Amino acid sequence: MTEFNPKIVAFCCDQSGYPAADMAGALKRKLPKEVEIVRVPCAGRIETIYLIKALERGADGVLIFACYEDNCQFLRGNLRVKGRLSYAHRMMERVGLEKERLEICHLATNQGVRLAEILHQKVEQLKKLGPNPVRQKK
Amino acid sequence: MTLTKDVLIIGGGISGITVAMELAQLGIHSAIVEKETSLGGLSASFCCKASESCNKCFACVVDKRISELSRYPEISVLTQTEVIGVKGEDGRYSVTLKKRKERFDLRASAIVIATGIDPFNASQKVEYGYGRYKNVITAKELDEMLRFKGLLSRPSDGRPPKTIAFFQCVGSRDESIGNLYCSQVCCAYALRLIKTIRHQYPEVEATFLYMDIQPAGTSFQEFLSSCREDKKIHLIRSLPSKVYHSPLSDKLRVRFIDPEKEEVVEASFDLIVLSVGMVLSKGTQSLTETFGLSLTEDGFIAPPSSHKGLFIAGACSGPKDIDRSILHSKSTAFVVHQFLRGRA
Amino acid sequence: MPRIGILIDTLQGSVPASFQEKLSAYVKEFPEVIVCFKEDDLNSSDAISRINRYVESEGFDRVVILGGSPKDYEISFQKLKLSLPLNPYLFSVANIREQALWISSDEEMALERAKIIISKAIHTVNSTKPIPTQSLTLNPEVLILGGGLIGISIALDLAHAGIRVFIIEKEDRLGGKAQKVFKWLEEKIDEVEKNPKITVLTQARLKRVVGHLGRFEATIECPDRKEITLAASAMVVSTGYASYRERKGIYAHKRVVAIEEMEKIMAEASGPSLLKEGKKIEMVTYLLDEVNEDIKIDSISAIRQSLILQDLLGCQVAVLCKDIKVSSNGMERLYRRAREKGVLFFKYDDPPRLSIVDGQIEVDLKDTSPIQKKERWPVSILSDLVVIGESFGPIPEAEELSKVLKIHLGPRGYFMEDNPQLLRVRSNRKGIFIAGACRFPQEASEALIEARAVSQEIITLLSKGTYPYDLAVAEVDPKKCALCYTCPRLCPHSAITIEKYGDRNVYTTPMTNKEMKWGAAKVDPASCYGCGICVAECPAKAITLQHLTSEQIYAQMNLGE
Amino acid sequence: MIKAEQKPMDEILRYLNPYNKILLSGCGACVTVCHAGGEKEVELLASGLRMARQKMGKRIEILEATPARQCEPEFAIELSEMIEKVEAVLSIACGVGVQTLVRHFPKTPIFPGVNTTFLGETLTHGVWEERCQACGNCVLEKTGGICPISRCAKQLLNGPCGGSSKGKCEIKKEADCAWQLIYDRLKSLNQLYKMEEFIPAKRWGVESRDSGLRRMIREDLKI
């Protein structure tokens, strides 16, 4: 059996997550294999449906890298996405998906190291959880 | 070789960068002279001090500003460059600069000094053992460790410390070393460091030894209460008198008066962090001589009395944190702009 | 079919040539890709002209750059936006260095990653429309709310810079609280009144504001209930703070005064001693930090006053506080001088107890200074006068004003939340700035620096006379809008209003009046930052962000249908 | 407007159990405004249902539609083509919308996906409160504009019950006593005399739904 490489969709806010991902690159931190970075202007742009659809379409984990509270360039984006996350969590519970598959992480521009660490931790966690049960077999 | 710019900015820290960017937005060309290899100065070595939420340290603002700098073609940056001398006066300056071995002149109508400050040399406080004991470090060193290594460790053995003591007012409010001023930022700075460490390493216990807590803005009160509520943060109003190396273990022993017990006590810590104050660097002091500027009683640059095209911005005019340095630099940019407009 | 040109940035050798060869072979698999070139330093300032040459000679209409972080390119492209041969939104950057090569453990994996990133970048340019730039005229007119120290200072700064200023002041004269403290303010007020560029409206109240950056229209209610409307490009809120203290119980005693009253008592004192009701005052106790321990103003005033009392008026002064606040220039020195002159300082945690003893006030407290038991004495001060600190707070009109201006209040009721990204002086709305104590009470010297920073922000905004912006902003489809009011409520920048749509976005049947309009949410493009919060919240999917559609986000997820 | 909230997904899944292809229909009016059944909610619920069914090993195909207003027959009929293709319909419009579909599509099972909660007002974003029970004979003129039918737990018409305490209701402690509100408002309007006016018992059986189905006919409007 081939090794399970969890597929993670990482939404990165352009104010924090994305520069942090660049910083991780610049510091030559290795990131897990199957990470798909989605760049958004603000975490507030991330709609609930993106989170749900990412899972429906087979992502094993979804991460949101947003700014710290009180430090959103657009003041409320990170708070709004937190609300949407709780909606998505409720739905996941009903569907029977583990909450751990969807998480928000707060970062600052200069925390590339932390971003890499979080991604690796998530991969380990997802490996334990196993593949996304709703992924359609092709 | 001679360059001509509207404004010469000495110092490429957050203050110098802010002045340059503000002026650039008004179409004023400037050159930033920075003695180090890269821009950012002291504040660019700061780590993010957020815990659950942002603790308003402004370090991220510095990073953002530096990355935005390339947006402005009006700004030229001269790194590894130093000021050697100045000729002229009253808005017609010719400054001699040295980049490695090369000397050249730069003509400018106005000069902004934004050289910032140096952290106080902690080895002057002999009783705290900085330089003697490996595990006595400055807050700046701790900050850099967190930013670049991303982890907390003791210099002596690389192991994570369990107990940390923060000594406040090292080099500030201290007549014995001649610094009779408050550095204004260290209380909030050290408490933010404690908070972010407590968030990332919940097992660490932090002791904050202080004289008076100086407030720092809008949400400081809430921030301070959250520190007080934390059972593993001890705020003790008492400055330590001495640090020993404990011969039986690798811990450091600290002697201070416990205000609760009302007697002298000793406590052991894995790591001691000195909240060093701000002083004007030697380089800046000689710069003030070059430009004929005077110093304040506290040893910072006094505001130039007449507007001859010499300006100061940021912490070299007196202790300032990042946000107040940015504000001060903006206000300086305004004055510079008015000065240039008046001449045109 | 679009014609995409691929430019590979050599990135000063940080990406191996062999790797780039593989990528250039890969991009040729795309039918839309017509050419592929290697170039040096595509984020440098001359890159644009080189790109321009390619666009002309090869005839491509979209460009994908394979290089480093898109932020580097976007920033340099933004500043040269107008000279770009193509609309900036027809450029896309595939970050094959930071996001592929450098984060992968081997080259094979890096190549896999790079291919995905490139295909996403190609998809992005394929699916983007060119987005035009517009510009807004800004007249040099600014409205300042509040004619205290800060408002006056900003008004003079701006007027000197050639800007027309209106000051709205609720009291009958300028100066605010500071006129009691600073004598030099009189001169400034005089200067304001004589300046032809400044118009002062006293006893006036801001009633209504419509419009956005560059064309705010403020309705002002004047004393005779007459309303006038002023147009302004930008606004400054400098309404100051409210200080009051409820005086109950012993605090209502005639021997208990506030710091502000003490200022007056001292000013009236003549001769070498301080008299109250004919009796000499010998012992003065300052009781600070009972409220607002995070505000420095009281601590500073107390030290200043105590020096005069102790030195010139023959009083013995004790200052009781939780922490001595000396974090402003020169204060430690002053504190030192006060102690040398004999002023006593005590620190407390538990509130001191006040009681009346023979017409005097006894203050008892537990001193928390770090001293040993044997040196500790109970502190009990029989005082002729107890001076208490002020209670600082937001002005009572703050909430109403925040609604009129559509700006946020922080958790404590001052203007704006404490968010570093606002750089202290910006509000949530473009063109509205906050200065001074209405954001947070601080000492005058600091507030004046803040005021000048606001002047600088405004000069920067207005100096060019125009404000360029591109339409990469949220756009409402008025036909889908359900008028649910979600977006105006949630837009952090108050850039959305419910308005009648006119010429744009309206379909008209041949016979109906062309003036026909209907209500829908409307985004002011110049005030929108393009954050996308409204897009994500709209329940009717009526709002889109032109440069980042849902379809493009799904493509970036790379999960297939 | 009409307020609604989504039904628990387990319940929806239970009654969709026999079907493998459905139409999920929202409504562009009231339920869009209260974030329960607009186009976005349709998409979300469809995605959630598909995932849940996938997990149960029983895939479901879902068509999605959001007519402007499901309660108008013409808009409902627009769905015919789609409904022909499916085995059942899940409507997340209010109860009215569901029944409009039921009337026009006699052969297809139609299920509700939301609970229609009340006629209410938005207090702040995300908080709604009941304001009207459509009792058929409005008394707001007499009660200072505050409805005792919808806001008093006991629907009292002539002053509070004995359980009103410190302005709060005894049935629901966090709710304001409607009669306290009425009193305060009339007082501030200087209309306290209206409290003395006796409001006769409502003729529930005539005006309200107690007499059975209500129907409204406007002869002048009839086609």
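Going in written order, the chains are labelled A, B, C and D, and every chain counts its residues from 1.
Rule of thumb we're sticking to: contacts are C-beta pairs under 8 Å (C-beta built on N, C-alpha and C of every residue); 3 or more make two chains touch, one makes a residue touch a chain.
Everything numeric here is computed off the predicted structure, so don't read it as measured data.
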Taking the mean of all protein C-alpha atoms as the centre, the chain whose own C-alpha mean lies closest is C
Maximum distance between Cα centroids and subunit C occurs for chain D
Between A-C and C-D, more contacting C-beta pairs sit at A-C
Chain-centre distance (mean CA atoms) for subunit A and subunit C, in whole Å, is 30
So, in whole Å, the Cα centroid of subunit B is separated from that of subunit D by 60
Subunit C to subunit D, mean C-alpha position gap in Å, rounds to 42
Separation of the C-alpha centres, subunit A versus subunit D, in whole Å, is 36
Where subunit D touches two or more other chains simultaneously, the residues are 40
Multi-partner residues in subunit A (2 or more other chains touched) are 15, 19, 47-49, 53, 70-71
Subunit C touches at least 2 other chains through residues 71, 418-421, 490
Those chain pairs meeting the touch criterion are A-B, A-C, A-D, B-C, C-D
Subunit D residues touching subunit A in their complex are 8-10, 40, 43-44, 47-48, 50-52, 54-55, 59
Subunit C contacts subunit B in the complex at 43, 45, 71-72, 75-76, 78-79, 157, 160-161, 293-296, 323-333, 336, 347, 368-373, 376, 410-412, 414, 418-421, 423-425, 439-440, 446, 449-453, 455-457, 459-460, 463
In the complex, the residues of subunit D that touch subunit C are 28-29, 32-35, 38-41, 122, 125
Touching subunit B in the complex, subunit A uses residues 15-16, 19, 67-71, 106, 108-111, 113-114, 117
Touching subunit C in the complex, subunit B uses residues 22, 25-27, 54, 56-58, 60-61, 67-68, 70-73, 172-173, 175, 180-182, 184-185, 187, 212-222, 224, 237-239, 256-259, 262-264, 296-298, 318-319, 323-324, 326-328, 330-331, 333-335, 337-338, 341
